[in-house]
Amino acid sequence: MKKIGVLTSGGDAPGMNAAIRAIVRSGISSGLEVYGIFDGYEGLVNNNIRRLERGDVSDIITQGGTTLGSARLEEFKLLEVRKKAVANLEKHGIEGLIVIGGDGSYRGAMALSEMGINCIGIPGTIDNDIASTDYTIGFDTALNTVILNVDKLRDTSSSHHRCSVVEVMGNRCGDLAIYAGITTGAEIIITKETGYDEAEVLERLRYFEEYKKKRHAIVIISEKITDTELLAQKISQHTDFSGRSTVLGHIQRGGSPTARDRILATEFGDKAVQCLIAGESSRCLGLVDGQIISIDIKEALAMPKKSRRPFFELHDRLV
Amino acid sequence: MKKIGVLTSGGDAPGMNAAIRAIVRSGISSGLEVYGIFDGYEGLVNNNIRRLERGDVSDIITQGGTTLGSARLEEFKLLEVRKKAVANLEKHGIEGLIVIGGDGSYRGAMALSEMGINCIGIPGTIDNDIASTDYTIGFDTALNTVILNVDKLRDTSSSHHRCSVVEVMGNRCGDLAIYAGITTGAEIIITKETGYDEAEVLERLRYFEEYKKKRHAIVIISEKITDTELLAQKISQHTDFSGRSTVLGHIQRGGSPTARDRILATEFGDKAVQCLIAGESSRCLGLVDGQIISIDIKEALAMPKKSRRPFFELHDRLV
Amino acid sequence: MKKIGVLTSGGDAPGMNAAIRAIVRSGISSGLEVYGIFDGYEGLVNNNIRRLERGDVSDIITQGGTTLGSARLEEFKLLEVRKKAVANLEKHGIEGLIVIGGDGSYRGAMALSEMGINCIGIPGTIDNDIASTDYTIGFDTALNTVILNVDKLRDTSSSHHRCSVVEVMGNRCGDLAIYAGITTGAEIIITKETGYDEAEVLERLRYFEEYKKKRHAIVIISEKITDTELLAQKISQHTDFSGRSTVLGHIQRGGSPTARDRILATEFGDKAVQCLIAGESSRCLGLVDGQIISIDIKEALAMPKKSRRPFFELHDRLV
Amino acid sequence: MKKIGVLTSGGDAPGMNAAIRAIVRSGISSGLEVYGIFDGYEGLVNNNIRRLERGDVSDIITQGGTTLGSARLEEFKLLEVRKKAVANLEKHGIEGLIVIGGDGSYRGAMALSEMGINCIGIPGTIDNDIASTDYTIGFDTALNTVILNVDKLRDTSSSHHRCSVVEVMGNRCGDLAIYAGITTGAEIIITKETGYDEAEVLERLRYFEEYKKKRHAIVIISEKITDTELLAQKISQHTDFSGRSTVLGHIQRGGSPTARDRILATEFGDKAVQCLIAGESSRCLGLVDGQIISIDIKEALAMPKKSRRPFFELHDRLV
């Protein structure tokens, strides 16, 4: 293998740039040429491909987002579209490809592997929603962003005897909510796993108020579970707290990556290069039991996400 | 004058604690006893009043929110309610009162002044919506919070060829939007003063895209002008940008105060004490032409807010 | 076991409060009374002990430092001093003790265990210098503080063609330096493990300048290896970079804890309570292969610290 | 006037990029061509000059440092050196020059003005050490950096009954120290203006300890007044506090600029362009009584810096 490529796909996540930097430099240190593919699979199909040198990735380790750009391309499911991608890679002589993204991006990588391009997936999504790894690039930064903002809400909540309802990202996976709930000392955490029962939420808030003498309260809830504005109104009506809703939204995707996101992204990037050199294909990387390992993508996609029950029980003891 | 009181009223703002600290310590240094009144005018009516010593305000200069709590009390407009407040103050021998808040809080202070309590108002609101001062406590912190978050959105916007629509606080006053727009390099700023024309917004975005080759764009808009979610959808439909809406909400109220909010709040607090000692009443403080001055509250409430036209013209030159 | 105590010892670390909160609340949830011992072993000897309720630890999860205070007490090595400590614990009926700190604190806990008090150690030090665990409370926050500040130095270094020499904490253990070096993209990392050769440092800087065309450079170095001010002067004299030294110092100990420090401190605190309930003694907790486990303190103290050679090799590939 | 240039000179300061952006875009909006001169006066002499377009300054408003680079050039005092500079400007047809920097940079601008190049100075230095303006670009960011770090030191100081001695920048001017002292609630502030008496410092610390029952203390001191490490040792020896010294150093120069630095730098940049268009020369800008004005450079350099006595008196009332 002489030439490899890298692309970022799906939603961007802080730390993707650290992975790109590691891939470029580790690749060059191992004697490879490294090519950046811009705007995800779209750029692969449109031949938006450029060779990257060491200097091209200087200082990007500190930047959020992805300097390669990202996009979603539904049509990549189609064989004829993927054939274009393979043709473009062959034109450049690129034999190995590293894809940074989530499950959807892995599916693309798996399909390309079957067409003769050696592909390695790196888990990059702020949602931590990939079953085959304990950690995805961007999750730690997103979580710290949530914490910073909930700490700000705490200031104003406690000044006004308020209950802040905070919606965080995580459509398929409640990790951001459960981790944020524990680390901010939230009173209530609602995710897909807990289920949602409005009456129960209101009752628990009244309980905290009467029996635990709380002057303010925080409810963390995953996106797409309920209308948080309505929940806040109900809280104002049915408890002595004044309810206020905040949807953190896309600010959770941005920001300079944290130490943990930088270091693990760097390790993933370096490891992916070593995997390609070793001739691996159709595999994705994961952090499992503290070690960085590679797993067959097909197996990875079939794994069920771990239950967070132990965390919910921990939260119950601490609230 | 031997005893003075302090309360915070209306929406809380970072820096209120710095003002409280300055009032307590400057008051004690001048030989006064200082009383904290909790939860705004409500605490005044309910006699929720406690003497504060130097040590009671240690380290609060770093904290957001207000350690005295705040609340809105519509009934304070009623004479009989205010009579209770005056009776409580007299019970404690408190002859002077410092009220930190916005225009509504000033009206309460003016009414109390007419009933024999010497009152001084300090401008404390993140909206910068008080006409009689160039600056209100909390505005600088809120503005920096907006900037930090828009900088995060920029990361993710530029990764995805997006247009971020960001709603900031400021119902009656567009200062947060216009200052945030200039300091984040936003493409479009929409406030009450500019008015809102959806077709024009879409046309300008298309112009930025085609003629200025912008890969991403930011629109800053004051609250209660339009539904930002709908505007984002329209942007996705009618331009090549993918529109995304973010409502920053209550996080703008929180956070450790910035240098500027700490220093000006401290100066306001100290000055308010000197005003009471000098026998002033029914006056509010302001920063005007770089100086801290006091103005008659009635006059202050009648002033029109300055136009920000020069800033909009500046923005046009820079975009 | 009905009553347990908790103390923090040695240098403070962000996240200690999160552990204290977890111990208090998890203990109470398990039917125990929990006592706070103030100022470390000194408070144990001086009977500075107070029962803690749920509300006493409200909101401390967000605070750096330790609300219990910390101190070093050399005399705790003496049997007669420890007898006083045991007598005080017995007076309160405290049968189990959780000690948050480093190796020195573990030794005290081991000695107390031998005198009949069940003791559990929790690793709390920003240096990550405890061999029996992959992670110590406070390390992640300290590392992020270093990164934030080196990112600031990068701004000014690149404006002036400078080489910034940055001294970070870690007397016995170079983890802060090596992790900071990788995550900030530093050109050179110097720790006890690498050794220090001034001529080699200067030569490598000249190499980076000439062959890699670097406009600025960063050197991260552990404390107590060399005088960084002198090194900076040598850099100015013997390379084309203008050398500047920065000693980050005690700011590395402070700040609101990161997500990772909050969550792991919380898990450690909860686990320590479970260990005491299970009758364990003279054991310390660790994060090993991603799991929280308990180890005999004597064994733990005898373990050698893992080599960071793989990280240095990674750094070489990336620079 | 058709073509203007801009350079940054002396120590870099956050916000310089915001000024550069404003100059480039405001200049182009007014029909001018704008040229960037790299590495200060050195680049002027070496003809390191390049035309800048709107897109060249995209997003730099968020970045610390200066994208134009900066350098000190002692030889610029020599007429023959300045003749080279003038020749280079004439070669490009540049008739007006905006210099962002401190007093030294102003002297260069004054000298060039006498040689027929219209020059306008913008105050850019984190020290706030320019007498002709109440504010210099970078001061607000540096001050907020100091506050953030002192707040971190407070965490660890209060955990250990410590006195933190913090050295901040400001060789000729104590503004960073006095503003930081007030906004962090420091016990003692030492600047050139206060003078330094070690015995008095120790006595005041003992007083705070005994009479005000302070558990920790903070001393803020300007650079080059005394050896802070030695002072910390004396504090450990002669008071009950454990003294610790921190030299904040160059981190005060870095970081993304605050709102205030961004907005004022933008206004200064825009105003400087208007001044050149109006035919002004040998003038520097200032913020005086809340207004942006221009002053003759010669007069500006002769002004004495305002005394900060009122701030020291304010500090005495609050401590």
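Note that the chains are named A, B, C and D in the order they appear, and that numbering of residues resets to 1 at the start of each chain.
Rule of thumb we're sticking to: a residue touches a chain if its C-beta (ideal position, glycine included) is under 8 Å from a C-beta of that chain, and two chains touch if they have at least 3 such contacts.
Note that the structure is predicted; figures quoted are calculated from it, not measured.
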Neighbouring chains shared between subunit A and subunit B, ordered by label
none
With centres defined by CA atoms only, which chain is the most remote from subunit B?
C
Mapping subunit A onto subunit C via their CA atoms needs a rotation, nearest 5 degrees, of 180
Separation of subunit A from subunit C, taking each centre as the mean of its C-alpha atoms, in whole Å:
28
Using CA atom averages as chain centres, what separation in Å is found between subunit B and subunit C?
40
Taking the mean of the C-alpha atoms as each chain's centre, how many Å separate subunit C from subunit D?
35
Please output the residue numbers of subunit C that touch at least 2 other chains, ranges allowed.
151, 154, 158
Any two chains that touch count here, so list every such pair.
A-B, A-C, B-D, C-D
What part of subunit B is in contact with subunit D in the complex they form?
18, 21-22, 25-26, 29-30, 54-55, 58-59, 61-62, 134, 140, 143-144, 147, 151, 154, 158, 179-180, 182-185, 212-213, 256, 258-260, 262-263, 266-267, 270, 287-291, 314, 316-319
Which positions of subunit D touch subunit C when the two form their complex?
8, 12, 14, 63-66, 69-71, 145, 149, 151-161, 164, 244-247, 249-251, 253-255
